[in-house]
């Protein structure tokens, strides 16, 4: 089966800052591609290119085997790519339900009487959020007054609701509690089962490994490789993410401060094995 | 030893939204108080009251056994309370080093010739960030162009650098990679050892348990209790955070989608035992 | 009503006659010429024990609204300056139809009778402009600039246009009248750029003083003439730095306007007998400057 | 977790009244009422049929522009050329008909097309160059102002249109733009008042009930985010600038056909009045928040104060001072009402 | 991880030149140069000693205000009363000395104190009410405008100060505010030019090298964040408004003592010119970004264009059109330079 999205030797620079260089990977239907890497490695930049938010610099971007250069998120959305941005892309002063449907509003009536179907949009927003375990007091409150995690859930619910063929999630679980994180992982699994291609960014190998099918590792803007799940067991993934040796020394240090029985340390140790 | 900060029956409402109600806890020198809870439980709101960013509604707030009502973050800072906000409190267009020292600038010279000690501030910024494992290309670049995690690290490094007696951290590790998270946990342990009182908010029980001394659990704006570490083993903490029964059913569901061998599921299961 | 803010020596005035007159002009805020019209009208009101309500707006649509407002509040008479008669036609006719006596002043002489006004007092800017143009020509001057301190003001444009008509080679110079530094700089620039210019005509006393500074600075020996008076203009005329000033006697226009209405109210008189009444123009030169200096200092000439 | 059907325990009761008072326009409404009451009691003529005609008329043209400018402002942009545009279109029709004998309807259409073109130019320049609209439209404002003055003078030799009423078919568009309904003793409701109401109604409908309205709020609130979720930012912004230009054209026609004249400086300096009215009506200067009704009420406040001062017979030298004090009072009241509503239980 | 001492591989080389070009004012500098070159070549008198005196003079008073307004704008606020303030202080000194015979130095001091008080009032109102400064200072602007006109009229019976030069000791402050250095054929550099340079230098120092400067950037960039890290937001903002008022006083004195007269509408309408100059000089309207030098260059551009058009002998009816086109050109060039610099390797 051919790839929904494929990138070859992709690069991007901001002024004299080289944010990405020589990245190659692909997103396939029914697969979850995890993008992993340190802070500032360039994950969000890669995602923004796929989502049409930044045009890419060098390299080629293929969508459905056609060479493309996305110049606006609208183009990406029209190609069936829905994205949850790390900075969430919400309009703080607007009510939750308007944010949820922004750019994809539901209308009824025709011609000059074509108008927003407010009741239906509110209802959908409420139920989609409730399904994620968020029961909002009022979908009419400005989204800027929601807590960080609540906002995150709105963004995820929106992308899942409108995601057609590819779903891109940039650190969706970062601000979330254990329960909500579980729900998001479930969503990812469901989307994959429905045949969507999913791109999932996270710092948490425990979140990445169970749902991921392939893993792209970035470091300082370069790719360390594109691995299939079978080639990359959990422990190897963890050590690659944290950079082996450094992690070892960190565990040492923490051991001194916290004692060997500390679970951070034992967790780290376990990961290193 | 008396508490650095003590709150009794604290409450806060925004218009007709009741964000907090009847919260009591304390922050002691050399102790880490963890605040845990679901998304939207009111953790950030509590923290903002302690940091002087919101005045509190009902209840009393004692700092050094004196009843206080903080009306500005300056007052909190002057009382030795440094905070890392979840939304980071940085000025996007300003260079990294100016953000780092904002409000506590280092100057040299006297009288009308008193001026910023730019070289020293830049140097300090660079070294403090390098100590967290962030090597910036250029401390002169606007902080708005940093990655989410890099920005988070700047905010943490700043609070640690200026923290005098109390250090408050609102989900500092959310956007961080494994390595940087470890560094932050180390910082927290170090600060505690130096005799600071630390308030630490996180969704990750694996981060909270090893460093925490007491645990405040919030749910829907109310306190579920204030526990000492010895009264709250890890597994109980996890199940309280996620709400026992719900977690159980989630594990079930995930098991169906991902198979029993999935590590998310086994992790959940382990936590539930 | 708190009219009569000008300095009045006789605070007593006459007993209140109970009349209210509206004076509505096309002045912009703070215009020195119209300030004297206002002073004249208010003095007349005080003398006759009548209330004078002065309002102004350079936009004909808004000026028309002010007339409508005077009709709605049942004024005993309206004094109006018609810089743009077309714009006021409807409102003035409505006022006349409502039985309110109307007197036109300053501009709009040729439409005054048609709209049903009792009479017209003063002459249009064009009469004064022509007189200035001819006088400059007779002084043997060759090339002039006319300094317009408010872009698109109908009255100012009219002054320049008719001066140019009578004079010949006259060019408009648009300046920013709210910034004296800019006025002075622009006039200096113009004089430097075109050394043939031997005459500067300004349209307000204030700008004549700026022009005096500019001429001094540019090293040109251009002559300066101006519309309207002020204390500083008079002293500059006495010093020979300004050739002459044309005085349309705005105070007279305001005073006579109200007087005409008052006579109509108390005695049914139609002053002027259907003919316009002239209020000027008078030229103030070195010869007669001393006589007007005192009044200019009081702000009544 | 089951959706909470019952009242959420974390929300204390909130009545319907506070909900209304929370709307952006609520403060302006209250302020308008207070000002109306004040002038009605202190002056004789203000609340009569004749008196109210004058301030309704004065408010109407400003109100139409204020509503359009409010839409633009909610969308995060300014248009400083809006005032000069009213003069430009009026002059254009005047020159084309009185000087060149063009059919009056054709002239009106030409003016509309040119206005839309200028609006589109504004929008395209803003979007393509990334310059703030404040600067771009200021440029257009200056250019238009010069064209109004020099162009008119060059073509007809004077700075005001004269003899408009002798143009053939003058009466036809006059019915649409310049006529009045008479009522009461000497009251007249001009066509512009009806246009004002219509424009406000349509703008409110668009803003609250259509997709485009949703986009406008998003554009002003967070343009980047709007772009990321696929709002056609470019088209929407250009459309907003064109709407403002069209409103300028409408007001130009209303002025021309009521007074039968336009001057080369008509509308200059008004651009800020429109912005003021929008802000008094509850729009945020930074965009993303506001309402069309609010802007209409802002214009009503401005119009009432302006005429009310005249009816009060206060010395016109102090006009600006009174105006400033009253506007400040109105926005303070406005803010106070909204805060109260937000803190209300 | 060791700090990277060697060149970071993720940064491609960047020269010193692009670093300079990245500054907010770079574009305005280039635009000023281009405009200077243009008028120098196309007109005879522009670059002569006499010619340059005039445009320096015209730029200087606007420049002083533009720099102060730029500081305020970087701090995230507007001051629309800045223009009227220049007239207010000038009139005050004129009235106090010519009419009430107050000692001229005392009068100057009284004017400064009153100006600062108005500035403080602006600041306190903005901070206490939470209203946008655009609206609050617009209110003060209207109030001042009325006071300028009606107050002057009531006190001295006319609308402009007369006979200032006969006031005792008039020559003393005149040396400070109104004198000129002569050079070249007929060039004169006025005191206001020196003041302009001094104000720009001090403002730049404050902005770039002091704590307060750091706060100003933060206030405009993210007031909430600034407050959270302990910046004294209230004091800093009020201080900024007082600075602008003080600049207004300075320009009032410069005008009064050079032309020996002030009129009641002096400065009205100038407030936007200041904002324009600041924006042309690279300040963001939304605050948080800009420079004092940039604003000074913005004023220089405005002054040069204004006078250059006169030197070119173009029909001055088109003045506004030329001005608009040139300003637009200048900001476009400005933007282009800055973008180039940002994309430069």
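Order as written gives the chain letters A, B, C, D and E; numbering starts at 1 within each chain.
The criterion applied here is as follows: a residue touches a chain if its C-beta (ideal position, glycine included) is under 8 Å from a C-beta of that chain, and two chains touch if they have at least 3 such contacts.
Everything quoted here is computed from the prediction, not taken from an experiment.
Path length between chain A and chain C in the chain contact graph, taken as the least number of steps between touching chains: 2. Common neighbours of chain A and chain E (chains touching each): B, D.
Among the remaining chains, the Cα-based centre furthest from that of chain A is the centre of C.
Using the average of C-alpha coordinates as each chain's centre, B ends up farthest from chain D. Centroids built from CA atoms put chain D at 33 Å from chain C. Look at where the CA atoms of chain B average out and do the same for chain D: the two points lie 48 Å apart. For this pair, chain C with chain E, the centres built from the Cα atoms lie 34 Å apart.
Each chain gets a centre from the mean of its Cα atoms; for chain B and chain C, those two points are 72 Å apart. Residues of chain B in contact with at least two other chains: 17, 133, 137, 246.
Across the assembly, chain E contributes residues 1, 10-11, 145, 149-150, 153-154, 269, 284, 317, 319-320 that each touch 2 or more other chains. Within chain C, contacts with two or more other chains are made by residues 5, 29, 151. Those residues of chain D whose C-beta lies close enough to touch chain E in the complex are 129-132, 134-136, 138-147, 149-150, 153-154, 269, 272, 275-276, 279-280, 284-286, 315, 317-325, 327-328, 331-332, 335. Across the complex, chain E is touched by residues 5-7, 28-32, 35, 39, 151, 171-174, 176-182, 184-186, 188-190, 192-194, 205-206, 209-210, 213, 217-219, 230-232, 235, 297-299 of chain C.
Interface residues of chain A facing chain D in the complex, by the touch rule stated above, are 51, 53, 72-74, 77-78, 83, 85, 88-94, 98, 101-105, 107, 114-116, 118, 126-127, 130, 133, 135, 137-138, 158.
Contact residues on chain D toward chain A in their complex (touch as defined above): 1-4, 8, 10-11, 205, 209-211, 213-215, 217-218, 221-222, 224-232, 284, 288-289.
Listed in rising order, the residues of chain E touching chain C in the complex are 43-45, 48, 50-51, 53-55, 57-58, 60-62, 83, 145, 148-150, 153-154, 156-160, 162-163, 186, 188, 192, 254-255, 258-270, 303, 306-307, 310-313, 316-317, 319-320.
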